[in-house]
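Letters are used for the chains, namely A, B, C and D, taken in the order the chains are written, and counting of residues starts over at 1 for each.
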Amino acid sequence: MCRWMAWLGQPVLVDELLFKTQHGIVDQSLHSRMGAEPTNGDGFGLGWYGGGDGPALYHSVSPAWSDANLRELASHIESPLFFAHVRAAIGSPVQQTNCHPFRHRDWLFVHNGYLGGFHAVRRDLMLAIDADRFADVQGSTDTEVVFHLALTFGLQDDPIGALERTVGFIEATAERHGVPDAVQASFGVSDGSTLWAVRYATAGSARSLFASADVEAIKRLHPDNPRLQRLSPNDRLIVSEPFSDLPGLWHEVGEGSAVTVRRGGELEHQPFRSRQAAPAL
Amino acid sequence: MCRWMAWLGQPVLVDELLFKTQHGIVDQSLHSRMGAEPTNGDGFGLGWYGGGDGPALYHSVSPAWSDANLRELASHIESPLFFAHVRAAIGSPVQQTNCHPFRHRDWLFVHNGYLGGFHAVRRDLMLAIDADRFADVQGSTDTEVVFHLALTFGLQDDPIGALERTVGFIEATAERHGVPDAVQASFGVSDGSTLWAVRYATAGSARSLFASADVEAIKRLHPDNPRLQRLSPNDRLIVSEPFSDLPGLWHEVGEGSAVTVRRGGELEHQPFRSRQAAPAL
Amino acid sequence: MCRWMAWLGQPVLVDELLFKTQHGIVDQSLHSRMGAEPTNGDGFGLGWYGGGDGPALYHSVSPAWSDANLRELASHIESPLFFAHVRAAIGSPVQQTNCHPFRHRDWLFVHNGYLGGFHAVRRDLMLAIDADRFADVQGSTDTEVVFHLALTFGLQDDPIGALERTVGFIEATAERHGVPDAVQASFGVSDGSTLWAVRYATAGSARSLFASADVEAIKRLHPDNPRLQRLSPNDRLIVSEPFSDLPGLWHEVGEGSAVTVRRGGELEHQPFRSRQAAPAL
Amino acid sequence: MCRWMAWLGQPVLVDELLFKTQHGIVDQSLHSRMGAEPTNGDGFGLGWYGGGDGPALYHSVSPAWSDANLRELASHIESPLFFAHVRAAIGSPVQQTNCHPFRHRDWLFVHNGYLGGFHAVRRDLMLAIDADRFADVQGSTDTEVVFHLALTFGLQDDPIGALERTVGFIEATAERHGVPDAVQASFGVSDGSTLWAVRYATAGSARSLFASADVEAIKRLHPDNPRLQRLSPNDRLIVSEPFSDLPGLWHEVGEGSAVTVRRGGELEHQPFRSRQAAPAL
């Protein structure tokens, strides 16, 4: 049901975190341990900042583990801020327009989870999207609808608040349709300089989510791990599942909470609550 | 801007009409003569009746001319009724969910042309689709929206009438948005036993469309053409562009008109007029 | 490391054995239990007899579980004899020319396993292929080389004998290169009327392989299983892994043995031994 | 039958030359004017130096005109030296391993043209490839065989000389098989700092090839063309077909000649003659 990761820190070759890490996101595409399914083989997406105007996207319908272009890009593209996402489609078509990250101008958005009863609520949710933006929805995923709702609810001004209102609106809509598990999610968002991540479920346990800890103490504990030694206090990782070769680095993001990572590595936690609001149409 | 063909008649290997004909639909994917563009290389679709329940679909994002699977299927699948469609995407993504024919239960639908100002009218058109059917729209083409509108307007009871109401509704919507060329189209529809085809444009000349003539007189004129000799009075072809090795066989379908082909080869012409109507919600 | 199945018997919708069976081949693409890897997501192939001239192929680079076209074909194509194969690529590219079954005229060939040290032996093996056939090798798999070697060694006259000579030749070649595990394999072959299957490994345990048992006794044991009741004495299945909803139906094919299935359901077992022979050039 | 371009000069966004130029290589994929066919829609390749170790490749089976990832990469990747190639397959499969550029360590190689009678000569040519390199041939194109032959004949030490020996060897082989038009080609090669290009045909006229002229005189002639004004004396383009918005910039590379472009924009011409030589095995 998808796995994702995000990096904000010193510029690194994407490769370093995609293929050179043990149990990195590409390995998770084949052998996820904490996901709803072990296999996330229904396409892949990479979104990165750096070079040219705005973020770049690479979307592929191939599984991440077998995509030759992904290995090429990862080993030649350097970025201080990027998302990688492996998809498990649960029913919707495997096509590039259904691959994460989704983009609007400078903003990127990824999601692990689902909207309950999406077939039932899709129309009502799409009607709530800013009418000017409606025709921008190109694929058929719940995530793209969430993203455009969030933009409608003010994502670009107040990312966490807009997502709280989006989740509240989806829950109210789902309730009208008798759907109990409206939102199951970890979300990742960025505008190119700050990174936000949310962990939330309307019902039951939310999808797993981890942030990397402050690295200084960890470097002292593991003086012989060259990969940990390379990390600086400015670097932060947000991941659906810990990489196994960076032990001790991971703090679980609590259920119903959000984190904000700013340049310099600063990490803030805050509660995340669904909020009822009408879209600002 | 797309080319399509339809066959209703004796069961034939699809190959016979796709690859063995001169200037057949696959050749038209590379060298269209009467289309808006010579190249129709943005995916392909085949929809056929025969074997299993309901019609089968093969949708490919490869150009028809290079798709090895298409050659395999064409030379091994026999059908008394099928559509083939080559696509020129004009902006929308090349993905299987954007390939024609579109299907609902026993019904298949193809389109050559476009909706003017689709980005502007998409939301209003989608809102007019039967709410229960809204979430079935999987791709991002104008054609899929037209098809679901037509189903909403009664396609399954009165195909030509429903398309007249659909076109009327689209034209009224476009007018509200200041779009002059609402509908440019040839449409093909079938329920598995009858075949309907429409040629219509709101403004200017409509996409080319041809129906095969009664074959007896033609067989007498061309006694040495083995492909013409194989045709029976029960066989009808509807095509965007004539095949060049069946000379004399083609009658142009008039602008603003519709044809109905029934089993036995019967061909009826009727005028096609846009009709203003509210959707039967 | 691949899984495959073959059917010889009454004409059935491919669907019946691909998607409607519990733990059928498509499920094995995602959750193989007896394979070297649980995931066989690196492409898929279907080869069937019936309709048109010779066998038809459908090769896809998508995982079998997410290929919409495969579901369409499976539910509309009926065949008395077909192969399905899901691939785990172990290094070679995921491309249609690397998908099984491979075909030469009326012959189809599938393989589960690998040639040890293929990079080292590939040149010597390809040089032993009949020179006229060399340029027919289109992909980069070991299996395609095995197939063309087997054709060179007389597959069309004596399938089991030719495979014994092929395996012997590969083992001798591997030995010259210091490769200990020359051949690891289950093979499936057909000419359109008879089906042959081989289970063999140069070293260690060979890939799993099962044949369906005589069905009369089993029908008496499970009078309430409708899927078993539909089987006739003329029907045989050969599978890498048993389907779980047809309990008791399966006999393991012994290591170092071959089976021959003829029309009428007759099943013969024989030993399979590698034989040293020079190619008949 | 393919079109390609190469850039050596100041670092530029690939986009600038791929999409922003009139009648650039992507437009040539749809509307080639000087090629053997107007459509070059059978896959695409981009190979660039800059970032990470060695050159990077992006190979796609989609036509260049519809590949969303290509637009993303082109508008975000900057490079001082890159190749772009659009393919017309003439029979061989459309797969990533058949896309140009081909790569060996730091070397990239592209080709427009064909080997005459390739099916007949393929085996003899592949046997002449350095045995250690034989298993590296992953696809089924003539070009990949030419590249590995050229490596065998010393490409890395003497690019033009090695290509002359390669062409001579292919011609001798073709002659033995009674093939008159052994080589039809423009070739492009680079090691990451120098760029070589060859125009040659065994028989008849060779594929078109152009090099950009010294820019100072041209800038004075066209003071109002902003794209020309941006060029510096250090920049060189080699193209199959001129871009139409840079008039006067192009010098045809003569038939049977080669050019060498070094950093700093220096351009050397020399004759290119096929030379008979045995491979240095």
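The rule is short, and it goes like this: contacts are C-beta pairs under 8 Å (C-beta built on N, C-alpha and C of every residue); 3 or more make two chains touch, one makes a residue touch a chain.
Everything numeric in this text was worked out from a predicted model, so none of it was measured.
Colleague: Would you mind telling me which chain pair, C-D or A-D, is linked by more contacting C-beta pairs?
Modeller: Pair with more contacting C-beta pairs, C-D versus A-D: A-D.
Colleague: Expressed in ° and rounded to a multiple of 5, what is the rotation angle of the C-alpha superposition of chain A on chain C?
Modeller: To bring chain A onto chain C, one rotates by 180 degrees.
Colleague: Matching residue numbers in more than half of the contact pairs is the bar here; say which of A-C, B-D or C-D clears it relative to A-B.
Modeller: Over half of the A-B contact pairs recur in C-D.
Colleague: Express in whole angstrom the distance between the two chain centres, defined as the mean CA positions of chain A and chain D.
Modeller: Taking the average C-alpha coordinate of chain A and of chain D, the gap between them is 40 Å.
Colleague: Specify, in ascending order, the residues of chain D that touch 2 or more different other chains.
Modeller: Only 68, 93, 96 qualify.
Colleague: Residue numbers of chain D touching chain A in their complex, please.
Modeller: Residues of chain D touching chain A: 13, 15, 48, 50-53, 56-60, 68-69, 72-73, 75-78, 96.
Colleague: If you look only at chain D, which of its residues touch chain B in the complex?
Modeller: 30, 38-39, 41-42, 61-63, 66, 68, 89, 93-94
Colleague: So in the complex, the part of chain D that touches chain C is made up of which residues?
Modeller: 92-93, 95-97, 118-120, 122-123, 126-127, 131, 134-135, 137-140
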